[in-house]
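Look for subunit A in each of the two complexes below; its partner is subunit B in the first and subunit C in the second.
So, the complex of A and B:
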């Protein structure tokens, strides 16, 4: 799973531009899926036949897109101004490296040297609309030869293991989910299951809405990366979740109140199988579960997530053991059935 | 240019946070192999290399670039494997959240600066200045494991392998002032086939970012007759003070007029650039230059010094940007100026 995750994290696929990641996933599933299709909005929906056909239609869902930037304006000096794609904290953008467009042009988000800052500028966060990317060009014309308004950019791929069993990379949110779904599809499944690789989660769970409408699942399980607040100085009550404590089950977040029976079922399954899991203790964030819950007549929803520090930045940080625990838990749920 | 890029990659990576240059010294000596007749490392972390011109009574020209970099040192090892650090030299906290660093402990390990999750942020937080004290470095180890690897005082530096941008520009860490060390070595390569009129001493000085102590002591040791101090200078960027507008990327080395340098040698440098068609720009900084030039110029009985700077953007960040052509032109200027010193100044 880790090698697959690394491969997926290397894609430049922010919301609305999921082609690259989708192609990689298709390569990986075409031999193992019973069938798959790409819908007209770019969602990839795979079906895997199990030993039995269940009463309830179950979909496991992960989003292919990642947060990124879009080129808005190129100045006379050849600097590139941008808007964020999805929610990005300006504090993790200043001074970072990005890669732009199909030509994979490297750039750095400029940050004015501390020597040139006025006193009142010191330490003050620059709003995203005032930041710009420098690709080394010194005029608009030469910049426009390689970059165009509308091109998308992401943080530079930087997947690496570090510390005691941790991984850092851009886009672990939600390439982890994508990698896990493929891993699950490699298993002999007890029941027929749908696997949805959806688009545009970061801009409002748009892809999942269409999948939910077309598929009409009874049960939807979102596999996600969720914010871990277990950083130095944060109060435990505000951690949301912690690294090394296993799969995160949400009973409520910023956009969904999860199906209570499914939450209890997941917790019980974890306990039966000795799988580490934790409950998210802060009401914040949201994911594709909200789309599945609200579309058409609605589905019962569950979210199982990887605790992830510094989400939506150049370096999401997760613990490998947590990822393996999540795989165990979701597989146990699928084999037990609903 | 390719040679400059290679050297830039190697020099950028050196671990030499100001005051702890010894960690990188062996690698500096390795990179300098073949360039000098002899070399030494001074007690305060400078590298000195010497080339003799073989002429009796020849004068000595000093070429200076500082080898230290801004960075951090560990101030506390905390629960959960986080490190608190204090800055060494001028650091802008705004570029740190979620950035990568290397921690030079018993082994070198990767760290990530923390960023506060959105749900923990106060409403008006973006209105308040960011402080280094509010951040920590996430190492991925437990406190106990970490205590085996690092201690209070362990240096920490940016991690940012050099990448190429468009237009011969490159981005990386610590081009302040390693790119000048590169320009010196490239100049020495140009001088190899030439007959030197003077002895050349090179000092890759430590401690510039924290008070010029490497240059002060190395210059004393060398006792040169004149010196070229090489540093980087802020190129103009949007919203920078207007007087910087003429310091342009790609405009060649900037030659400074200052009371901390020798006017005579400065004029000679400008004339040498003109005579040889080397692109260059002029900059006026009458008082402190914020470089080693003052320390060198006042060494022993005084050393006429010229300050030559390579234009750079995003100074003191993990993505300093320079242009290879500016480095090359700086090397040419060093080379021609050295050759012109036959009769002194």
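So, the complex of A and C:
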């Protein structure tokens, strides 16, 4: 799983531009999926036949897209101004290395140097619209030869193992989910199951809405990366979830109140199988579960997530053991059935 | 009707945990409809065949109320909570709350908090436990509680209770199903979940029903002391909604409700609510859309443990809804 995750984290696939990651996933699943298709929004929906056909249609879902930047203007000096794609905190963008477009043009995000800042600007966060990407061009013309308005950029892929069993990389949110789905598809499954690799989660769960409408599942399980609050300065009552404590089950977040019986079922399944798991206990954030829950006539929903530090930054940090626990839990749920 | 209202306000029904109320409503409405079912999200959909089955009417009232969810238990047994829906901390503080397993607690505010700093993170629940271990025997992270049920008779035919928003809507819908002598269109009485967290339950239920006409039954802010520029008065009759922050009601529905009120001598008034949304919005936008409106029950002190309404208004709302069900739109 870790090698696969590394491969997927290397893609430049912000929302709306998921082609690269989708191609990789298709290569990995074409031999193991019973069938698969790509819909109009670019969602990849795979079906894997199990030993039995269940009464309830179950989909496991992960999003392919990541947060990123979009080129909106190139100045006469050859500096590239950009808009965010999805929720990017300006504090984590400044000074970062980024890579633009299919041509893989490398640059660095810059802003006015501190000694040029006015007194009141110092100590304040530089807003995104005042930052620019410097790709080393001297003027607009040479810049436009390699970069166009509308090109997208992400943080430079930087997958690395470190510390005691930890991983850091951009886009673990939600390439982890994608990698896990493929791992699950390699198993002999007890029941027929759909696996959805969806687009545009970071800009409003748009891809999942279309999948939900077309597929009409009874049960949807979102596999995600969720904010771990076990970092310096956060009070314990605001931890949300912690690294090394296993799979995170959400019972309520900013956009969904999860199906109570499914939450209980997941917790009980974890306990039966000695799988480490924890409840997310801060009401914030959201994921594709909201789309599945309330599109068309609705579905019962569950979210199982990896506790992740520094989400939406250049270095998401997760613990390998947590990822393995999640795989065990989701597999146990799928084999038990609903 | 008073009995129905008392029954419906006697249980907690926080968004996402509407099971108890749903069971009560199902039992209450069953004799007056042809079938009842619960969908994936927990919406209760009761169907009554109409004289003309070419068109469908959806009547929606939400079952859920605002409440609290346990997020953390301190070493000293004090329980920290987060809000579900639009809690006004100052309105809920120093009232008893009750959990699903019957555990009772008191909602407190951290001492020495300035009035303007009273936010949800300053609230706590004290269940009397002396330590985390003792508290955890009764309550765990993720458990839900709400202000304890209350129902008080005031002077002048007025009543106070928590969660009249929207038990009164549920009661009015059941009452109209009970009183309607005929049913013009195929009518779906839908008791929705999770309205207080963003009109969530009405989206899938309206999609399944696909109504041609839709009417929500919900409370609206009445002229409490200090409220300025509010269009609705307590005791002023059924409030026919023209708009709120989520919807501009279809003119066809506003006009039809007005005509029915006039024909039947039902006291009525118009409602323009500047802040607050209702299930009307999701019904209007479901599928290819519907002709949607809302009958509102004037209510003071909404989202407090002592919401106040006037029984004469409640009756007017029930009569108006009954007239709509009996006569349809044409």
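Following the convention adopted for this analysis, the second predicted complex is superposed on the first by the 336 of 338 C-alpha atoms of A that agree within 3 Å, B and C clash if a C-alpha of one lies under 4 Å from a C-alpha of the other, contacts with A are read in each partner's own complex, and residues count from 1 in each chain.
Heads up, the rule we're going with is that contacts are C-beta pairs under 8 Å (C-beta built on N, C-alpha and C of every residue); 3 or more make two chains touch, one makes a residue touch a chain.
Being a predicted model, the structure only gives us computed values, none of them experimental.
Participant: Return fit or clash for subunit B versus subunit C, each positioned on subunit A through the superposition.
Facilitator: fit
Participant: With both complexes superposed on chain A, which partner does A:282 reach: first (subunit B), second (subunit C), both or neither?
Facilitator: both
Participant: Of the two partners subunit B and subunit C, which one touches more residues belonging to subunit A?
Facilitator: B
Participant: In the superposed arrangement, which partner chain does A:123 touch: subunit B (first), subunit C (second), both, or neither?
Facilitator: Only subunit B is touched by A:123; subunit C is not.
Participant: Does subunit B (first) or subunit C (second) touch A:236, or do both, or does neither?
Facilitator: Second partner only, subunit C.
Participant: So in the superposed three-chain picture, is A:136 touching just subunit B, just subunit C, both, or none of them (first/second/both/neither)?
Facilitator: In the superposition, A:136 touches subunit B alone.
Participant: Touch test for A:251: subunit B only (first), subunit C only (second), both, or neither?
Facilitator: Touch partner of A:251: subunit C, not subunit B.
Participant: Once both structures sit on top of one another, what is the angle subunit B-subunit A-subunit C taken between CA centres, to the nearest 10 degrees?
Facilitator: Placing subunit A at the corner, the angle measures out to 130 degrees.
Participant: Between subunit B (first) and subunit C (second), which does A:35 come into contact with in this model arrangement: first, second, both, or neither?
Facilitator: Neither partner.
Participant: So, A:294: does it touch subunit B (first), subunit C (second), both, or neither?
Facilitator: Only subunit C is touched by A:294; subunit B is not.
Participant: In whole Å, what is the nearest CA distance you get between subunit B and subunit C after the fit?
Facilitator: 12
Participant: Need the overlap of the two footprints on subunit A, from subunit B and from subunit C, as residue ranges.
Facilitator: 282
Participant: Could you please specify the touching residues of subunit C with respect to subunit A in the complex?
Facilitator: Of all residues in subunit C, those touching subunit A are 15-17, 39-41, 69-72, 74, 80, 82-84, 141-142, 194, 197-198, 200, 203-205, 207-208.
Participant: Could you please specify the touching residues of subunit A with respect to subunit B in the complex?
Facilitator: 75, 77, 79, 87, 89-92, 94-97, 105-108, 110-117, 122-126, 132, 134-138, 142-143, 146, 156, 158, 160, 162-166, 168, 227-234, 238, 240, 282, 284-285, 309-311, 313-315, 317
Participant: Taking the touch rule as given, give the residues of subunit B at its contact with subunit A in the complex, in rising order.
Facilitator: Residues 78-82, 84, 90-100, 109-112, 114-120, 126, 128-131, 134, 136, 138-142, 145, 160, 163-169, 171, 234, 237-241, 244, 248-250, 290, 313-319, 321, 323 of subunit B touch subunit A in their complex.
Participant: Which of the residues in subunit A end up touching subunit C in this complex?
Facilitator: 218, 236-237, 251-252, 255, 257-258, 260, 263, 279, 281-283, 293-300
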